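My structure is below; once you've seen it, I'll send some questions.
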Amino acid sequence: LGAQAAIAQPPGYKGDSAILELPEHSKGLGQPVAARAYGEPSKFEKNLQRRESPGLTRVAAASVSFAPLQGLFGIITPNGLHFERHHQGWWDIDPNQHRLMVMGMVKQAKVYTMDDLMRLPSMSRMHFIECGANTGMEWGNVAVPTVQYSHGMLSCCEFTGVKLSTLLDDCGFDRKNGKFVLAEGADGSSMTRTIPMDRALDDVMVAWAMNGEMLRPENGYPLRLVVPGIQGVSWVKWLRRIEVGDEPWGTKDETLHYIDLMPDGTHRQYTSIQECKSVITTPSGGQTLLDKGFYNVTGLAWSGRGKITRVDVSVDGGRNWKTARLEGPTLTKCLTRFNIDWVWNGGPAVLQSRAIDETGYVQPKINQLRATRGTRSIYHNNAIQSWKVAESGEISNVQIY
Amino acid sequence: LGAQAAIAQPPGYKGDSAILELPEHSKGLGQPVAARAYGEPSKFEKNLQRRESPGLTRVAAASVSFAPLQGLFGIITPNGLHFERHHQGWWDIDPNQHRLMVMGMVKQAKVYTMDDLMRLPSMSRMHFIECGANTGMEWGNVAVPTVQYSHGMLSCCEFTGVKLSTLLDDCGFDRKNGKFVLAEGADGSSMTRTIPMDRALDDVMVAWAMNGEMLRPENGYPLRLVVPGIQGVSWVKWLRRIEVGDEPWGTKDETLHYIDLMPDGTHRQYTSIQECKSVITTPSGGQTLLDKGFYNVTGLAWSGRGKITRVDVSVDGGRNWKTARLEGPTLTKCLTRFNIDWVWNGGPAVLQSRAIDETGYVQPKINQLRATRGTRSIYHNNAIQSWKVAESGEISNVQIY
Amino acid sequence: QTTYPGVGRPATPAEITAWDIDVRPDFKGLPAGSGSVAKGQVVWESKCASCHGTFGESNEWFAPIVGGTTAEDVKAGRVKTLVTGDVSRTTLMKLSTISTLWDYINRAMPWTAPKSLTTEEVYAVVAYILNLGDILPSDFVLSNENIAQVQEKLPNRKGMRRDHGLWNVKGPGDVRNVACMKDCPVSSGPASSLPEHARDAHGNLAEQNRPVGGVRGAETTGKPAL
Amino acid sequence: QTTYPGVGRPATPAEITAWDIDVRPDFKGLPAGSGSVAKGQVVWESKCASCHGTFGESNEWFAPIVGGTTAEDVKAGRVKTLVTGDVSRTTLMKLSTISTLWDYINRAMPWTAPKSLTTEEVYAVVAYILNLGDILPSDFVLSNENIAQVQEKLPNRKGMRRDHGLWNVKGPGDVRNVACMKDCPVSSGPASSLPEHARDAHGNLAEQNRPVGGVRGAETTGKPAL
C-alpha cells in the first residue's frame, strides 16, 4: 500500500456517499443535443462574471467591467467574459448597414461594406488586449482586493480580419508623407486614436471576429481595430473610418486621458505600448487556500514588445525565485500561461511573478516604476504583483519590493 | 484617380444613405458595461447555431449536433457552438459532488475531488476534437448540403487540465503490465473507452476547462478526457473513473460502433486516429457568392498524427493546385486555418483543399479510401471535399476525384 | 511521502466495488450469477421491448438488435452477409465478444433507467437476446460458469481485426496519396452530386448562414437550385 | 486593374464630408465659423451644465472641466499645480491643444445627443469653457481665424512630451530591472496592504470565485480577515 493509505478513515467508514450512492445522472436520461442551440456555462459557474469596480467611474456607459481572471484558464478569454470599456455605451450594429471608409492621404478614398471586407485576404492571430489603465488603481497604494479588479482589464482572443496594410494598399496610400493613421468608431463617442504608420503597416488588423465567431457587440461588432501590443483604447471599436495623415491627431484620449503625469509636471502623450507584465491569477487576492499541501500556482504573462521568454515565481516575497513552466504556444503580443508547483506548509508566504520578454526586459517592481514616473500616474502600471498568504490561508493584496 | 473611380455612380448620386444619414448609434448613448455579466453574440448572428441532421439518429439524447463551420473563423470554436455528441443525454453535474477514481493495476487506488484535481500541476493545450463519424454520411454518395453537416462534428479548444500520466504516477500504476487504460463517464451511458498506455502517457489530459472557462455541461462539465488526435468518442465526458489494465475492454463503442466494415466482411476494431484532413469552410456548400470578383477562400486542416505542414487548394476540381497561407500557430493535433486568394470569373469552378501533415501523409481522395476500405464504411472519412460553384454563384456538394 | 501532499485519498474497497462495473472480453469484472432465457423474456418484454421491439427488430429508437445471422454463421464465427450484403447491420451481426453485451446492458440499459437491472436480470436478458437470435435454446441458463462457451457461439466472434494503422499514432495511413500540383489526373465530372431532394432536407440554408459577408446561404425553401 | 476586383468602391465627396469630422492640432479639418462666449453660455446652460455643472465644476458625471489654472499658467503655458500638487486634474489643467476640445465636443457631446451641435454652437461652447477658466474674456468670439491665437493662451500648452519609449515598439523601457534569483534584496514587510475597509468594498468575494477548486473566495460580508 502507498503512503496515502496512512490517511486512515474512521473505523467502519465505508466510503464517500457521492460514490456509494450513485448520482441521478448515472441512473437516468439526460438532455438532448441542441437543447441549447447556443450553449451557456454550467449553472455552477455563475460566480464568474464581468464586474464593475464601485466608485471607479461615474457612469456605467463610460466605464469598465473587469474580466474574472481569478477563475480563468489558459490564454483564451471566453467572449462572454471579455472585459469591457466603453466611452459612450455599446451598440448592436446591423452589419449590413455598417461601412468602413478609408480616406485622407490616399490615391482613392474608398467605402467598404462588411461584405467587401470579409472577401479580402484574411488572417487570424492571437493577441492580448489590455487597457492602458489596467492596474492603475494600484499606482499609489493597494486599493482593490482581487485580481479581477487589479488586472482584469485584460483579455486575449484569436482575432480574424484583414491587415490594415491591405486596405491602405488598396486605396494607394501616400507612402512618403502618410506618417499616421486615424481610426474612428461609429458609436456616440466616435472614439478616435492615432496609430503611427510603422505600427499600421506591421501587425495591425481590421477585425470582425474574435475566438471563432463574430465580435461581440460589447467588443465592437461588426468591426474593430486590433493593434497588437498597444493599449486597448487604440483598438477602436465599431470602426467606421481610417484616415491617413502626416501629423498625429491629439484626440481627447490622447491629450486629456491616457497621458502620464510625470514628477516634473509634464504629461507624457501617446504612451501606448503595454510593457512586459505578469500576474499570478490562482491563488490570488481574496481567495482562501483550502488547506496545507500541494498547489499549482498559475498566472499570465504578456508583453507589447513581443514574446514572453521566461517567468519566475517567488513564494517568499521576492527573495528567492524559481522559473515557471510556460504553456505553449508562446506567441508574440499574446498572453502566455505559466504554472509552477508549490507546497504550502501553512506558514505565511508572499507570491510574486516576474516576466521577461524577448527584448530582455524584466518586469519591474512598483518602486522602480515610481522612481521614474512618480506616484501620480494612472496608466501603464506593469509592476510585479504581490499576494500575501496568511496562516488562515486567506490571500490579500500587498505591495512588497 | 485610381482605377476604381471608373466604377461610376449614377449622375446626381450623393452617396450611401448609411453614410450620409448618420445612424442612431453615432448620435446617441449606448448600453452600459456589464449590461450582460456574461455576454452573448449579436442578435444578427442567430443563424449560426449548432443543429441536428434530420434523420441521422433516432433520438436526440443519443445524437449529434453539428458546429456551423460555414460561419466560423480562425481555429478556436466558441464554446457555445462546440459540436455535441451524447449517448444518453447531457447533465449539469455539481462539481462539488463529482469524483474521479483511479484504480485497477495501481499500487494505491485513489479518489480525487475536483478540489484535488485543480490543485495538481496543470497544463493548457489547443487540440481539435473530431467525431470518428464526421463526414460519415458521405462515404457512399453526396448526402448533405453544407459543411455544417458534412464536417461539423469538429471543434477546437484550448483545454486545461492535468496530464493523465500525473494521476497514474500518483497512484503508482503498474509500469510493466499496465498496457491499457479504461476511461468511464458518470452519465447514464457511463461511456467507456480503452486508451492504449502509450497514448495515456503521451499527451492525454484529464481536463476541466475549455477556452478559458470550465467545460460546458454539454462537453462533460466538470471533467473530461482529452485524447489528442483520437476520435471524439474516446474523450470521455463527465469522467468518473480511470482503470489501469492489461487488456483492452471491447466496450460497446469499440465492438458495435466506431468499427469499420472492410470489403472482406471483417470489422476493424479500435480505429481511433483521425487522419490528416481538411475542408474549405467559406465559400462552401449551400452558400451563394455575391458576385464575381475577389474572394478569400478559407478552411481548416488538421491531423491526428501531428502538425499540418501544408495545404494546397484547387479551384478546378483537382487539376491544378496552389499552396495556401497557413495562419499560425500550427500546433500538433490542432486545427490549422488556411487562406488563399481567388478571383471568381463567373464561370463554373470546383473548390478543393488537400492537407499534408508532418509525417508526409497527403489527404486522400474518396476513391482512394474506398479502394482500401470499400463503400460500406462510416467512420474515418478524411477524403478531399469538393464544392462546385455554379454560374449562379450557388455552391453545392459534389464528389470529384 | 507523496509528491502532492493533501491531494486525493485512498479509495475504499466499497467505493471500488460501487464503481468498478466493467466486464472485459476475458470476463475480468464479470460478477458471479446466472439468468435464464425465460426470465430474460420477462425482463425484455417489460423493460426493453417498448424501444427495441418484441423481437429486437425495432428500427425506431436504434438499429435492430436481433437479425441477420444464421446457423452457418454461428458455426463459422463469421457473419456471411457482412461479406456480401449491403444491408443495415444488427447488433448480433457485429457482436464479437459477449462481454460487450453484458457490460453495456448492465451499465446503460434500460435507456431511461440505466444501472437499475439486477445481475440476474442482465444474465437473463443477454441470454434472451441470444435466444431471439437463435444462438441459445429457450431453456438455457446463462451464467458466469458457461459464458465462455456461449462466447464460442457468437456468429461474428471471428469478425474483428486490429491489424491496421489507425490505432498506433506512429502507424501507417491506409492510403498514400501524392501531392500532384499541375495537370493532375481527375475523373471527368462529378461522380456524385447532391440530390435535389437533399438540398432542402436540412431546412432553409439561407437561415443557417450569416446574412453578411462575401456569401449568403442559398434560399432552399421551395426554390430549385439556380 | 485593382488587386481585389469587386471589393469596395470609391467614396463620394458627400460621403467624405459626412464623416471626415476630425480636427487636428494644426487645425486641419476645422470648419470655418465662429461662436461667441455669450452664445456659448446659452448652449452650456441648456445642454451641458446639467452634467458638468454650471461652472464646469461638477464631479458628478466626470472630473471637472474647469478649474485649477491661473493667469500665471496662461502666461507660462505650464500649469503649476501639476508640478507640485496632488490634486485631481481638471480638463483645462491638462488641455494642451484647443483642437482637442473642439473636436471632442463636436463629435461626442452632449453625451446623450452627440453630433447634434451646430458648428457655431461648438465654437461658442468652447469659447465659453475657456471663459469659465478665465482664459477668454466674456465678449470674445472664437473663430477659425483667431483660434490659433487662443491656442497660445492655453495654460498647459507646453505641458506635453513625446520623448519616451512607450510610443515606439522598439523603444527602450523606462526601467531596467534585473532578474535576481537568489537572496535578492527586498524591503522589509509590505509597503502597502489592502485597507480593511477595502476588503468588502467590491462585495462578497466568496460570490466572485468558483465554489470548487483548490481555493475559495473569502467571505467578506461582515467578517474581518482571518
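Brief remarks on what is shown
In this document, chain identifiers A, B, C and D correspond to the written order of the chains, with residue numbering beginning at 1 in each.
Note that contacts are C-beta pairs under 8 Å (C-beta built on N, C-alpha and C of every residue); 3 or more make two chains touch, one makes a residue touch a chain.
Worth saying up front: this structure is predicted, and the values here are computed from it rather than measured.
Common neighbours of chain A and chain B under the contact definition above: C, D. For the interfaces A-D and A-C, the C-beta contact count is higher for A-D.
Using CA-based centroids throughout, the chain positioned farthest away from chain A is C.
Per-chain Cα centroids separate chain B from chain C by 22 Å.
Inter-chain centre distance (chain A to chain C, centres taken as mean C-alpha positions): 46 Å.
Mean C-alpha positions place chain C and chain D at a centre distance of 66 Å. Chain contacts: chain C has residues 2-4, 6-11, 15, 19, 111, 114-115, 210-214 touching two or more partner chains. Residue numbers of chain A whose C-beta contacts span two or more other chains: 1-2, 4-5, 16, 19, 26-29, 44-45, 48-49, 51, 59, 71, 88, 95, 101, 108, 110-111, 115, 118-120, 188, 190, 214, 222, 240, 290, 293-296. Chain pairs that touch one another, listed by label: A-B, A-C, A-D, B-C, B-D. By the touch criterion given at the top, residues 44-45, 47-49, 51, 53-55, 58-59, 62, 68, 70-71, 87-88, 101, 103, 108-112, 116, 119-120, 141-146, 148-149, 169-170, 182, 184, 188-190, 192, 196, 198-199, 202, 229, 240-241, 243, 245, 247-252, 254-256, 259, 261-262, 264-273, 275-276, 282-283, 285-290, 295-296, 304-305, 310, 312, 317-321, 354, 356, 359, 361-365, 367-369, 371-373, 376, 380, 386, 388, 390, 392-401 of chain A touch chain D in their complex. Residues of chain C that touch chain A in their complex: 1-12, 14-15, 18-19, 111-116, 210-214. The touching residues of chain B, counted against chain D in their complex, run 1-5, 7, 9, 13-16, 19-20, 22, 26-29, 95-96, 114-115, 118-119, 214, 222, 291-294, 343. If you check the complex, the residues on chain C that touch chain B are 2-4, 6-11, 15-16, 19-22, 24-26, 28, 59-62, 78-80, 82-84, 86, 89, 91, 94-97, 99-100, 103-104, 107-108, 111, 114-115, 156, 159-162, 164-171, 173-184, 186-187, 189-195, 198-202, 205, 207-218, 220, 225-226.
Of all residues in chain B, those touching chain A in their complex are 1-5, 16, 18-19, 23, 25-45, 48-52, 59-61, 63-65, 71-82, 84-86, 88-95, 97-99, 101, 107-108, 110-111, 115, 118-126, 158-160, 171-172, 186-188, 190, 208-209, 211-218, 221-222, 238, 240, 290, 293-296, 298, 325, 327-329, 331, 337, 339, 341.
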